[in-house]
Amino acid sequence: MSFQNPVFIPGPTNIPEHLRKACDMPTIDHRSPLFGQILHPAREGVRKVLKSDNAEVFIFPSTGTGGWETALTNTLSAGDKILAARNGMFSHRWIDMCQRHELNVEIVETQWGDGLPADRYEEILTADKSHEIKAVLATHNETATGVKSDIAAVRRALDAAGHPALLFVDGVSSIASMDFRFDEWGVDVAVTGSQKGFMLSAGLAIVGFSAKAMEATKTGSLPRTFFDVHDMAKGYANNAYPYTPAVGLLNGLNESCKMLLDEGLENVFARHTRIAEGVRAAVGAWGLDLCATSPDVYSDTVSAIRTPEGFNATDIVTHAADKYGVAFGVGLGEVAGKVFRIGHLGSLTDVMALSGIATAEMCMADLGLDIQLGSGVAAAQDYYRGHALASQKDAA
Amino acid sequence: MSFQNPVFIPGPTNIPEHLRKACDMPTIDHRSPLFGQILHPAREGVRKVLKSDNAEVFIFPSTGTGGWETALTNTLSAGDKILAARNGMFSHRWIDMCQRHELNVEIVETQWGDGLPADRYEEILTADKSHEIKAVLATHNETATGVKSDIAAVRRALDAAGHPALLFVDGVSSIASMDFRFDEWGVDVAVTGSQKGFMLSAGLAIVGFSAKAMEATKTGSLPRTFFDVHDMAKGYANNAYPYTPAVGLLNGLNESCKMLLDEGLENVFARHTRIAEGVRAAVGAWGLDLCATSPDVYSDTVSAIRTPEGFNATDIVTHAADKYGVAFGVGLGEVAGKVFRIGHLGSLTDVMALSGIATAEMCMADLGLDIQLGSGVAAAQDYYRGHALASQKDAA
Amino acid sequence: MSFQNPVFIPGPTNIPEHLRKACDMPTIDHRSPLFGQILHPAREGVRKVLKSDNAEVFIFPSTGTGGWETALTNTLSAGDKILAARNGMFSHRWIDMCQRHELNVEIVETQWGDGLPADRYEEILTADKSHEIKAVLATHNETATGVKSDIAAVRRALDAAGHPALLFVDGVSSIASMDFRFDEWGVDVAVTGSQKGFMLSAGLAIVGFSAKAMEATKTGSLPRTFFDVHDMAKGYANNAYPYTPAVGLLNGLNESCKMLLDEGLENVFARHTRIAEGVRAAVGAWGLDLCATSPDVYSDTVSAIRTPEGFNATDIVTHAADKYGVAFGVGLGEVAGKVFRIGHLGSLTDVMALSGIATAEMCMADLGLDIQLGSGVAAAQDYYRGHALASQKDAA
Amino acid sequence: MSFQNPVFIPGPTNIPEHLRKACDMPTIDHRSPLFGQILHPAREGVRKVLKSDNAEVFIFPSTGTGGWETALTNTLSAGDKILAARNGMFSHRWIDMCQRHELNVEIVETQWGDGLPADRYEEILTADKSHEIKAVLATHNETATGVKSDIAAVRRALDAAGHPALLFVDGVSSIASMDFRFDEWGVDVAVTGSQKGFMLSAGLAIVGFSAKAMEATKTGSLPRTFFDVHDMAKGYANNAYPYTPAVGLLNGLNESCKMLLDEGLENVFARHTRIAEGVRAAVGAWGLDLCATSPDVYSDTVSAIRTPEGFNATDIVTHAADKYGVAFGVGLGEVAGKVFRIGHLGSLTDVMALSGIATAEMCMADLGLDIQLGSGVAAAQDYYRGHALASQKDAA
């Protein structure tokens, strides 16, 4: 197995040296004060990354999917009505989870490539006079299509409708990479994982609950044990978990938050935008389109790139792995075979991004697409040269 | 934080150098064939460690508790009747989980320190003519009391009663350290985690399902998504997971199985017995009793040691951490304050065990117990000298 | 400190994951048989990499410079005459070392950028009827100029002259990356270090002695202790060193040799040629010249690239580090300010090389050179696409 | 290979987790300012550990032996007269090195087990009216015999004699573990390595030169290149080395100094004394003697323990390795077979020390010596209990 080249999948990301070492920890007693010295700062760090003053942060040995299950099972009861748009594979899977847990989902079918339709949400919420809808789901960044949505607009829709539903946001591929404002947007549950913006291995579900969401846990009657936030809260009060925590990953999360906050969240977001702009410049130079239908929904963590009609975009991914040892992402669901994805989140420099762009070019040329070698690279170089960070040190 | 001394908690264990390195992996594409080269051998290795030819092995980014939830939610339906003995904190918690998931548990209260009452199980199962009991829970090794139970006897009870209930075994602190026979004992679901006999960090729930248990998943209607074994099986068929796997830990698990199988399972078990016998010799020399009420239930992975009436056993644990930087386990639940625990599972040599014994002696003497310094050490030395392994190399 | 980008200095190289882990070793007893299990295979591996059946391999905790000192002090005596060409900084420094140790060097001044003048060597050796010349120095690859020399031709010069002088070869930046034939070329002492073709950190001087060189150690009277090969040989016979060895690095060297030999030396060399050809294609596309004056002396491990008259080539190196976080090599000695160097040895993929080429382009454009962005990248891409390795796995 | 047990050799020591990670560094450009950020603080840290304000600190990719060679070759000339006592293997080897480099050594033969005879030094120096003696060698801690010497007394001898000879001190197994006062004792060259008190792998020779020693380098004419301090000083002025430095080890050295200085040197020394006292209590309980002939020369870093007449002490070392996987040190030179050594320097806790003592007991009992199991352990426990550190945290 060669580990020479960076990965360009939309998570897990390349892991910074410092975080690999933070995770690679000898065993400590996870019921000792030592553990508390890792746990509490990690939770506090996540809270700051969420831009929240009071969110209750819970961290499970699990993944983002487990985070979704935490959101649903702690706050809702069988038969509860949910409002959700489906505009990609991850929003689709969250809807599927609701249905498995006997929730009643009103689905707003949305074109894959578009953002969440906040106006439709407003109409539906306004019409729901009896407030049957208990929660609104919003996928901040659709990893499958490279589309970001306007969560502030969803909040405005709720407010315009005067609707008390909880707002659940999937921030798995946005939090810690793109601007996310838990308090300002009135988010009730935010869900993410360790392996995206936090630049760690997969293995942690990270969730933030608002006071309102915590209140809902008192009535939410869906069965749960592993993902029960009350057990977790009780454990935290004793520097402990209700079961054995993933101590090394938590230590990594603590260090990751320190790195992000030291760099400054706005700098982190600007860095992601910068890298993404270079990739988008390359896509333009290739004469290709993004799956995302307009610039306002372009994701800064992943670009899904449409290939010409009749071409199987998945071949690029297979070819890149086989011939060049580079990992891109395939298209999923409705856009399978139609797009390939370049992940550009987490720990990535312009120099690394250029190697991914150069590889994509070689693959497309190898597979017969009419791509001029060096064209995308030149466009990205031009962008990166002209938009250098104040200091590369910030991008550590 | 000092990491100088070994830990003597009953899991997570000390992690062997080789496994720490195996887990500390750069990011790879978890949807690529590379990942299959880790996943499939790891599952096959676990199957061998379970002593099973055909068990379906599922590995979740979770913990043993998540493994329990996997067992229950995939095979059972609300209102199903369960038979379970309560003889320690972990059997207690499994019963509690059943109740949260709306299962109807018939509890056999058993003295903490005794093993599972297979005879009572047989009576109850025989009386259950209509086969309302859908599953029997059995905690192979009660980590709280240092008590191992006779799973073969539970199987015999089921067979004697001619009862078709599923047999679920909590092997969290026994599997890969003590003899476990999935096929021979007719186990239907075995549950463990990465952080005990497999000598890794916490973060994986590891379960084995029999064909009969897999059949039960077709009717089990408890809600589940994260722990759904069908999603998992579908993923495995494509070298993948239904969500992002904990690749490094899986790589570690694969290497752990190789280490265990290279050493030979019977050698692994003999090594655990040997280390445990030394600890028990020390306990005898101190004039103290184990919580486990008879030699046939002595656990080879953890010893819970009763301290004299009126003495708070938890003080030993606190004092050891504060003064000597050594971690022992406290008593839990009914035996809180009455016992302290020495974990002796996983990667531990006699030399390390002696340092734990010596530390316990110093702590007890410091706290005023009438313990002769060196007495327990001498008893353990005597045992270890006379029962050397054929080769220390086996104990790597 | 960011470690995101590959380095493009001509050593130390990027270190493969596997070798970093091999070097990061806990302490073992360096006087035990365990140590022998590392030492002897490492020496045997180096011998194979040298393409020698019988060379005595010595490994010192030192660097290539220490290897040179080992060669000289063990075989020569004060006043001995040495023949050496000076065609770059490293040959210059070896000559300087001879003079410090009171050797009498006949220097053949050679243009920086040219290879060793085997014909001049032959003339001088032929003229040396009384065989006053005791050793001939030959720098196989001048790291400063990116020039490789024809060692077989030097051997032919010695043979044509019927001259018994020892042949000492500096293979620091060639061995394990470019074809090197200790036995076939009649090399008497070969010198290298751990941080180039062996892809490790600096810290080991690695030398091979022929039987003839070993014979010379009996009369060589230059003072030496640390670098004494007899002490070393005596130690090796007892699985030991005359002082404390660098065990982790030796373990890494052993693993490095396994990697190289598993890949196959000819494949290793072909891989280096391939990466180098891509870099040279880029240089051509930029309209620049190499310092190396003709294709037969192009080095496959480092390219020294001439920049236009009046431009300070060192600015590229400084700018790349400051703005892009990428390390190239500066020009040294006579070519300081006139060239910058791209190291392309050791563990490097085409994808990584492209990122270095792209960075160099950005720097040159930033600094006002007339370089078309993407031009060098496109030329290299074209080469790499058409000259894929049979398997990327070989390039691990 | 098992790495479970601590090592009890007198260096290399057990390496703290934090230092292993500091050394395991990716490649950086060793000619960049980044490198200076490691190099200069490391040198400054060493200076403080030496308790010197102005010593010039040089760090070579080498070992303590290379440090000795640095001391001699930079300051002396062929034929110079040296005064040295021989009271163990390491002082013997330093004398041997002097002789190889054509220095004229006046040897004061001293019983192995005794400290340096400062009074004899004074007599000889006083008698040397013409000041032919250019340097006095003093081994601060004889690792072979576990004997520390009084360097202040040697300084007094020089001063009493009014003699201008340089004072060279071998502090390989004392510096950073036992009190060492470069300035106060008027040391001219102090020599140590990375693998003892600094708790790192072997691979660095660390030397401090006084202003007087630096002055002597102007006339010292012994041939040298690799160990030349002028080349080194010139390199340092440019954030560089005259060759490729061992960057990771230097980074480790920098972190090691921080750890030592954070703990406080006096605390570090007290910790070593404490661990050593426990070992000595055990030796007393066993009824055995130290090689060191009186308490004032007991070393706090290593104890050489005499075994009864007719018993081969080396068997203990072999047996411990084979049966228990524990490394002790053998006797060397005159005391080969007569002593075995327990190293107790660097990163070691009382808990670890007890495991070494317990192992030694088992070995001696196994080999037929009349040793009561647990007796040494009890004596050490008693000492450690009563002499706890203020905080274990200091012993990280």
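Going by the order they are written in, the chains are A, B, C and D; count residues from 1 in each one.
Going forward, a residue touches a chain if its C-beta (ideal position, glycine included) is under 8 Å from a C-beta of that chain, and two chains touch if they have at least 3 such contacts.
Which protein is which chain? UniProt says A, B, C, D = Aminotransferase class V-fold PLP-dependent enzyme.
Remember, it's a predicted structure, so these values are computed and weren't measured experimentally.
Engineer: Looking at where subunit A touches subunit B, is over half of the residue numbers used by both copies, so same, or under half, so different?
Structural biologist: Same-residue interface.
Engineer: If we define chain centres by averaging CA atoms, which chain lands farthest from subunit C? Would you check?
Structural biologist: B
Engineer: Distance from the CA centroid of subunit A to that of subunit C, rounded to the nearest Å?
Structural biologist: Their C-alpha centroids are separated by 46 Å.
Engineer: Need the CA-centroid distance for the pair subunit A / subunit D, whole Å please.
Structural biologist: Inter-chain centre distance comes to 53 Å.
Engineer: Distance between subunit A and subunit B based on Cα centroids, please, to the nearest Å.
Structural biologist: 35
Engineer: Return the residues of subunit D touching two or more other chains; collapse runs of consecutive numbers into ranges.
Structural biologist: Residues 1, 3, 14, 17, 24, 26.
Engineer: Which residues of subunit D touch subunit A in their complex?
Structural biologist: Listed in rising order, the residues of subunit D that touch subunit A are 17, 21, 24, 26.
Engineer: In the complex formed with subunit B, which residues of subunit D make contact?
Structural biologist: It is residues 1-5, 14, 16-17, 322-326, 347-352, 354-355, 358-359, 361-362, 365-366, 372-375, 377-378, 381-382, 384-385, 388, 392-393, 395-396 of subunit D that touch subunit B.
Engineer: Quick check on the complex: what are the subunit D residues that touch subunit C?
Structural biologist: Counting only subunit D, the residues touching subunit C are 1, 3, 7, 9, 11-15, 20, 23-32, 34, 37, 61-66, 68-69, 96-97, 100-102, 193, 195, 201-203, 222-228, 242-249, 321, 327, 330.
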